[in-house]
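By written order: A, B and C. Residues from 1 in each chain.
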């Protein structure tokens, strides 16, 4: 069938281009700005051609607060995701595979945790952690984030296990494997790729989390989004180039997972 | 089963206890604090009964914040779903194979950006004097549009960022769902010379109504987290036009004054409202999907 | 010359050796500072090695923008209090001192660093209850900055009264050609829109409180607000929710004919790297009856993080080093005009060589009209921020009834006072 160029065909292509520009341009523009001197940013006519500088990135990486934020984010997010995975994946398996009296209620309980407004969690927790002397420590943020990672991983991992064909588990059972071995040796490897996506999703969720960290930390346990927001909101003589660079630095880790996540989506929706 | 299987108990008890503790302890604490007059940096906290709640009912900023939060939910959920459908249909109709895969990857980028950084990226583009969005507007009309300080434009401008992140992402998900649909109705429709939009409006989208409703529900829950965007882009301004409930609670607890108890009372009301609303919606969605 | 350099270096080394001998052992761990970004503090970071040689420890500064620095330092000081040094301003020194989140500075500021050298106006705003709390980083009053070229072209002389100012602003306003009459702060905050509004309020004879009774709901406040809103018609886009950053950026990029702002802007305006209008700007005092907004920001010793006398001495040493004459001379050399506070620096030949006599005489003149416009009370930030939001609503047009707005603030003030009892 030969393609005919019609008005409809042209419009749809044009809209497609617009959508892609809408998606990508803001990020590219920020990337471009992060290599500019302030004079090249503060111009009435936007500049696309300029002499690039690395000064903005050097400044960002030399700030002690960025180092602290990076270490804090790494530890806090790492531990919270680890706990979420170790406890959440088996729980999801149990919910997916076993007909339990309370199964539906537990599933709904886990889901309902997503409805909790973060501000409603953060204000009382701040008060509790202050009383316990845990305020502005990594432990307090890890505990709070575990609520997020654990509930998200269970919520996303249940469907992953439900998609594992029941008959291969049955075959394993007939081979004399006990229920734990069935989980470890059969269900886990089959559901593995989808589970990985669920874990990545929870990682991104807490890596980008802002409000709870804002309320539970002041100096020692500050995470990277807090540090970045401090950069981006610096008032006097706004160093625009530096702000753009800090945005890029903060965005790199989640973007690394882009490939992982798009792979996850492909797998989930493959028949 | 042949033997007594303790796997569910072993696998479920620790995480459920942990979740229950992490969820109920702060909830109960929020309730207790809301009946006190706790303030940051002030000692001598007392119980004052329902005073905070009574104050809230005569607080015009609280009433305003409820309205703004509802508007925010409506704008972002509807905007996200419309953009998602548009993107999915567009990609499904006009792209194939590798091009499609590449475009999908590009469209996921926005949702992966930390919200604070996404907010800054757009705030900078909206800037009336330096922003690139205002450059053509200024050239054409002579005056920039003050997106983030205009009464009519502020909330929508912040919502654009939310829709930018979620609408494109959901578009990719919907596309993947479209790909799973059987080919026959599409081919039959083509033979019948059915118009493209009719095909989607009457055939494809209804076939996907269950997942679309689930996605809408997920987005409604996600839209509750508007704080990061508003915090970076407008701080609730101009005036209190974009001041959502979480922004106002934060403001009362940490920024303008340290009224932790007052903020807590707000948080408790928010908690009640969201739990009740979403439970009802969720049960309704479930029932609807099972029919 | 070489020889001279050698002597200089030798002298410095001896001085460093001596001073490190004097202050050795005072400090035992690195100093943490919570501050807002200032060019002078960035300069300090570049000279970290100097402090390390002096005290044997290093320091880290966490920067937050002005509004956030205020909010966060209150939240932080009232809870964990982990910073040894806080950046404090005139508007929250009362709050911090009253709650004992900071300790008086005098006892811990080493004699050798000559506190008395600071400009008396700065010392005044850094005091509360008769005690001195911070060593100034920046401060001053207001200038009326005007574009000499634009005023000359329009045949307008620099306005000396508010009436003249209004006329001149209207005459110079020409947005089609990229010139706005004036730039005003519209964004919320006791240190933002309220800060500028207060110069009208006080200029018209307004008062905040009579004892515990609010008296600000007056004709002066109505007139101040009306005037401010009227002038806002000539303020460039982005300023209705903007503050210092937006208005100074607009002025320095040549979009604004006149602006009444804090004196540090002069240093930026004359720096051709930051400004397109260097050399085109004239300086004078704000038109009468406006008062200048007297302000001062500085470094104070945290109470919680410095439990021992020794820790306080260490924090004091850091503050003294950071605000020393040597640092101020370095700021002068780097063109950080806004962060000069010492009389000996203003009087130095280096200062007159660097800045034209116009700025110097404007500095002297404006000191005479500078006053304390805010309510010096621990509750000022709370009250001021509330008015900031209401004022922002008025400026952006989501409300228009000025008396009703002031009534609302009065209600808030009465409740605030009642809660404190």
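Annotations for the structure displayed:
Please note the rule applied: a contact is a pair of C-beta atoms (placed from the backbone, for glycine too) under 8 Å apart; a residue touches a chain by one contact, two chains touch by 3 or more.
This is a predicted model, so every value here is computed, not measured.
In terms of inter-chain touching, the protein chains here all touch one another pairwise.
Note on interfaces A-B and A-C: more C-beta pairs are in contact across A-B. If you average the Cα atoms of chain A and of chain C, the two centres end up 40 Å apart.
A straight line joining the Cα centres of chain A and chain B is 15 Å long. The multi-chain contact residues of chain A, meaning those touching 2 or more other chains, are 42, 44, 233. Contact of a single residue of chain C with at least two other chains is seen at positions 67, 75, 79, 249, 253. The multi-chain contact residues of chain B, meaning those touching 2 or more other chains, are 129, 254. Interface residues of chain C, counted against chain B in their complex, comprise 67, 71, 74-75, 77-79, 99, 101, 175-176, 186-188, 236-238, 240-242, 249-250, 253, 255, 382, 385-386, 389, 392-393, 395-399, 419. Residue ranges on chain B touching chain C, taken from their complex, read 37, 40-42, 127-129, 142-144, 146, 148-151, 234-235, 237-241, 254-258.
Residues of chain A that touch chain C in their complex: 38-39, 42, 44, 64-65, 130, 135-136, 218-220, 230, 233-238. Residues 8, 12-13, 15-16, 19-20, 22-24, 26-27, 29-30, 33, 41-46, 87-88, 90-91, 93-95, 98, 100, 106, 108-121, 123-128, 143-144, 146-147, 150-151, 154, 179-180, 183, 204, 207-208, 210-211, 214-215, 224-225, 228-229, 232-233, 240, 243-244, 247, 250-251, 254-255, 257-259, 261-262, 265-266, 268-269, 271 of chain A are the ones touching chain B in the complex. Across the interface of their complex, chain A is touched by residues 32, 34, 36-39, 60, 62-68, 72, 75-76, 79-80, 82-83, 243-245, 248-249, 253, 268, 273-274 of chain C.
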